[in-house]
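Each structure below appears as structure tokens.
Two complexes, one shared chain (chain A), two partners (chain B, chain C).
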Partner chain A sequence: MSVSLTVSDLKMAYGDFQALKGVSFHIEPGQFVTLLGPSGCGKTTLLRCIAGFLEPQSGEIRFGDKRMNDVPPHKRNTAMCFQSYALFPHKTIYENIRFGLRMHKVPAAEHDALIQKAMDMVGLTGLGGRKPYALSGGQQQRVALARCVVVRPDLLLFDEPLSNLDAKLREKVRVEIRELQKELGVTAIYVTHDQAEALAISDVIIAMNHGVIEQIASPRTIYDKSANRFVADFIGTANLLHCKYAGRDACNLTLDTDIGGFTVTDDGYDRLDDISVSWRPEDMTPLPEGGEIPQGCNVISGMVRNSVYMGDRLDIFMHSGDHVFRASVARDYDIPEGSPIRFAVPYGKTRIVQG
Partner chain B sequence: MKNKQAAKSRRSLTKKLLAFLIPACIGLIFLAWIVVPMGMAVLWSLVNPDYPWSYPQMFPSNLSLYHWDHVFRYTDILGAIKNSLIVAAMTTIGCSVLALPTAYAIGRRKLIGGEAFKIAMLLPMAMPGMAMAIFLGRLFAQWGLSNSYTGVAMAHILCTMPLMLRILTVSFESVPQDIVDAASNLGASPWARFKEVYVPMIIPGLIAGCIFTFIGSMEEFNLSFIIGAPAIQTVPTILYSYLGYNFLRTNASVVTLVMMVPNIIVLMVTERFIKTEYLGAALGKM
Partner chain C sequence: MKKKKRFEWGYLLLLPGLGYIGFFVVMSAGIMIAQSFGMYNAITGETAFTLEGWQGVFSKSFVDALGFTLRTSVLSALISIAVTYPLALLLQKSKARKWLLPLIKIPYFVPGLVGSFLIVNLIDYHGLLNEVLMLLHIISEPLRLRNDANGIAVIAIHVWKNVPFMMIIMFSAIEGIRQDVKDCARNLGANSLQVLWHITIPLTVSSALVSVILTFIRTFNDYAISSTAGPMHPMSLANLMKTTAYSYNDWITAGCIGVLMTIVTVIFMVLYTVLGKYLQNGGGK
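== the complex of A and B ==
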């Protein structure tokens, strides 16, 4: 029912543009995996190669043990939800969902029960007789989802399925997709450029940029332990500062930057050339004037340039040397612009990233 | 402030005026182009030969069905209608069958020289009908296709094909790739995709193409005359016999009106077909 997916050294170019520059990864059966990256990073190309709509120039795609490169898309038993929904405009909702069953030669007697079940699953009960254009965007995407799950695919593919929905609905449908996938136990690959969506929905995130994979990790790891500058910056917000390795003791590393030294808890870092120090805005605690510096913290001092009230928090942009850093603090702070300020960041929350 | 309001009311007045003027102009053009010639044809077909209609009379002084009677009595116009319908039906079917796969290939496949072919396929439209008729007539006579339904229909297919191909190519091109991908993703073989996705989605284009082809064939004279005559007489060949050296406006009017009947029926029937259902499908939210 659900399969593992192995992609090895996949390359794909459109003319001179190298969309995939040798991509390899492995996905366990039943995992929900997100391909995350900015537009043009190759994530959609990768998804389309997996579905079989595009033929890669080299490399291999395997579902379980089966090599899929030469299998045409209609024999791959995948099912994709498109950003444009891609419902058949001339067919009713019922017929749209039935399409896959007919194509897969499921006996006609079973159709009705399967379709009703799929429609119940996505909350479309009773809408079977409508045409796609008579439904809202959210409903159309649910039809697409029902149309996919009804054929019991080996692999469920999503190509930015929620981009055309408004923010509230996006969150709602995203939870529904995840619940449905868990219920069916089907392997899912989900393409998005929305990092919040990726963090919320995935077992594993594959971060991509310029046709290569930057990091493969769980949402928690990819956020807390970003491998490089790109990942740290793309997923959430990060303060990044080029630095030089200065030394290490039993449990800490010391780093030199142009605004002073930093101490970082050792996490087994091995590559120490071309590195930056990185920390998250929400890990910065403002220190009271003249107050004591807490143990095990780096101190960053500077001048408040603006503070932006975000409702759930206060974002402070501060000048330090030539750099601007961003800090997120509790919303009841009131820090006037132009005043000097100091922040503490624990060693454990300060990370070294490549680049 | 007051100035602004004045400007606003002036603008809305202009808007109202335009909303009246534009339909009025279109109405006038419609009147000049369609209603007047049609009305004239009807009047001319009803002129009583004993009371000729001449300047400065606005309307004929006496009406009769003399010319209708004459045309139906002395020409085989019913046979000609039958011939025209047979040829038009053969042409429409033949043209669709040949154009569908061709347009699919041009519209959906990356053909080498596809763009050049798109332009080349319009070239027959630039060729004068009579020139084509004379050369084709010679060729068809050699092949023994003259004086047959097949021959006339084949010639008609040749000259209606460019428009049909053009319309169908655009129809195929405008089917969103995502919908085709969705179908193959759900297990549809290439043939199933053609049947289940392409065909229903290009139906509006196909119907439009068929209307043009049918009417084009019904009204075609050059090829019908040179290849079909004398065995296959169509309505236009009878019409032209009244428009030649011995010009008979009255009888020509009768034949013109007769020729319009099948066209109007076809238009009305297809109009009902195309309406809401398919246009909605093709243009709906996607």
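== the complex of A and C ==
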């Protein structure tokens, strides 16, 4: 059974440090939601409050209609995949997975079938007799996952579960986690500081910073329409430039910056004080020398500072005024350092963000 | 052609360590064994092979001393762990552990003889304990707790002295269990008692065994405490050995007792080493 989760005005402090400053959000049953933010932003604290390991100072946590604040962790029917896997070192893989069933008083006659099914699900068939230390990191993570899903939790919690795996394996396991969650239809909350992971895996991303939620949106929205400077900068890579509102016509807004004017498609922006203009490196198209400026594009001119070959693309760092901007272009593009360069950025790919 | 094996000069670096072991351990053990056969008497210089010592060593006083020493050592080790284990669990959760832990460790650094006097003052015929029990009319006449045949005073002092020693081992073992492992158990439906039973105890039981063995070895070979607070009959083995050598001038029998004490110690040292290796190989974890 999957449940909805409602968190209302949650506050939590460690001594003088306020880790959560009144966090509120709602998650629908069966959604895969990622708490994303830099170290110390409060995402793990929030997850541990939901699991019941930490008692919030104030605020409310509800699973469905049930208030959970006073429910101890062992009665919340959540299952958490820990960053360190937290496998029981003295138990075999089979016993590790069986632990939750025993604690939930599932009849012993059903254990074998349920454990087998969970092990098959995560590709651990035949490894039940081994101890955790005899498994690789990826296998240990799968055991942790099997141990969670076997108890059919209301809420599946992940605390940076892939951070100890190498990049290739991380990609593989995150796909498996997502497929498993979809198959079970269970509500999942996933903590990570890896924005690529968050974008790839989530239905909804909750971007956090300094104990507050900066934006709640789908991966596409949070990337394309970042709410503020922090989100634009943290999710992916963004070029950011402080600007001032200069005017507005039927479709566009014009902005003044210290490297010249910018035009941005009007997306119904209402707050226009303390703003920056933002655009993504991959939305910058190099213009041939003396070539015409395409319609509906801003032009950014400068000098190539250096370029970095990334395998699938070339990242060019350019000086423009006192600023350095980053552009991602086709990997076969070649330009020497110090050369003058111009880029076109469509109005529709240029955004206004707060801050 | 077979290549001649080159002498490895680097082995000479082992000499200081091996020399120490050779001189102080192997040689002194060898002398003791030789002494038990009448081969070496450091005082008189007499040397004559005899089995007299071994024929007479298993006398009633020896068997009584062995029984007394084994009983007091086993009970001391068991009572110590029974006190230490729950105390370590409580301390681990206590906010006051920063200052409680150093306090608990104090007896470990107090010499055994001084410790004996401290505890004897409490449990003696007119010690604090008896006086309080009399005052409260719980007993009508003082209990004989010191120099008693059951070795109550000896056990009490050993427990007082060994709880801090065990605490060092057990507290580290309990602290060594990762919090996320315990959190995970709670998250999977285990209450506090179940976490203790299924996680904490299995992960620390081997450390408890190690500390019991080490404590047993320490108490089995003790002289200071049993000579101040123990009975005259039966004596502890160490006491018997000393009396046999110095009071009866029977160095051959004393040598035999020493050899037997060493054998028991070695057996438990082997047990300790095997257990240690098992732990190192992840047996317990």
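In this text, the second predicted complex is superposed on the first by the 355 of 355 C-alpha atoms of A that agree within 3 Å, B and C clash if a C-alpha of one lies under 4 Å from a C-alpha of the other, contacts with A are read in each partner's own complex, and residues count from 1 in each chain.
Criterion: contacts are C-beta pairs under 8 Å (C-beta built on N, C-alpha and C of every residue); 3 or more make two chains touch, one makes a residue touch a chain.
Because the structure is a prediction, the values reported are computed rather than measured.
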> Thinking of the overlay built on chain A, is A:A51 touched by chain B (first), by chain C (second), by both, or by neither?
Replying inline: both
> Is A:L10 in contact with chain B, with chain C, with both, or with neither (first, second, both, neither)?
Replying inline: neither
> What is the contact status of A:H104 with respect to chain B (first) and chain C (second): first, second, both, or neither?
Replying inline: both
> First (chain B), second (chain C), both or neither: which does A:M284 touch?
Replying inline: neither
> Between chain B (first) and chain C (second), which, if any, makes contact with A:M80: first, second, both or neither?
Replying inline: both
>> With both complexes overlaid on chain A, does A:L255 touch chain B (first), chain C (second), both or neither?
In response: neither
>> Contact-wise, after the overlay, does A:I316 reach chain B, chain C, both or neither (first, second, both, neither)?
In response: neither
> So which bits of chain A does chain B touch that chain C touches too?
Replying inline: 51-53, 72-80, 82-84, 86-90, 99-100, 103-104, 131, 133, 147, 151, 157
>> Which residues of chain A touch chain C once you look at their complex with the stated criterion?
In response: 51-53, 72-80, 82-84, 86-90, 99-100, 103-104, 131, 133, 147, 151, 157
>> For a test of understanding, state which residues of chain C touch chain A in their complex under the given definition.
In response: 178, 180-181, 183-191, 194, 198-199, 202-203, 282, 284-285
>> Per the contact definition, I'd like the list of chain B residues that touch chain A in the complex.
In response: 176, 178-179, 181-189, 192, 196-197, 200-201, 203, 278, 280-282, 284-286
> Which chain A residues qualify as touching chain B in the complex?
Replying inline: 48, 51-53, 72-80, 82-91, 99-100, 103-104, 131-133, 140, 144, 147-148, 151, 157
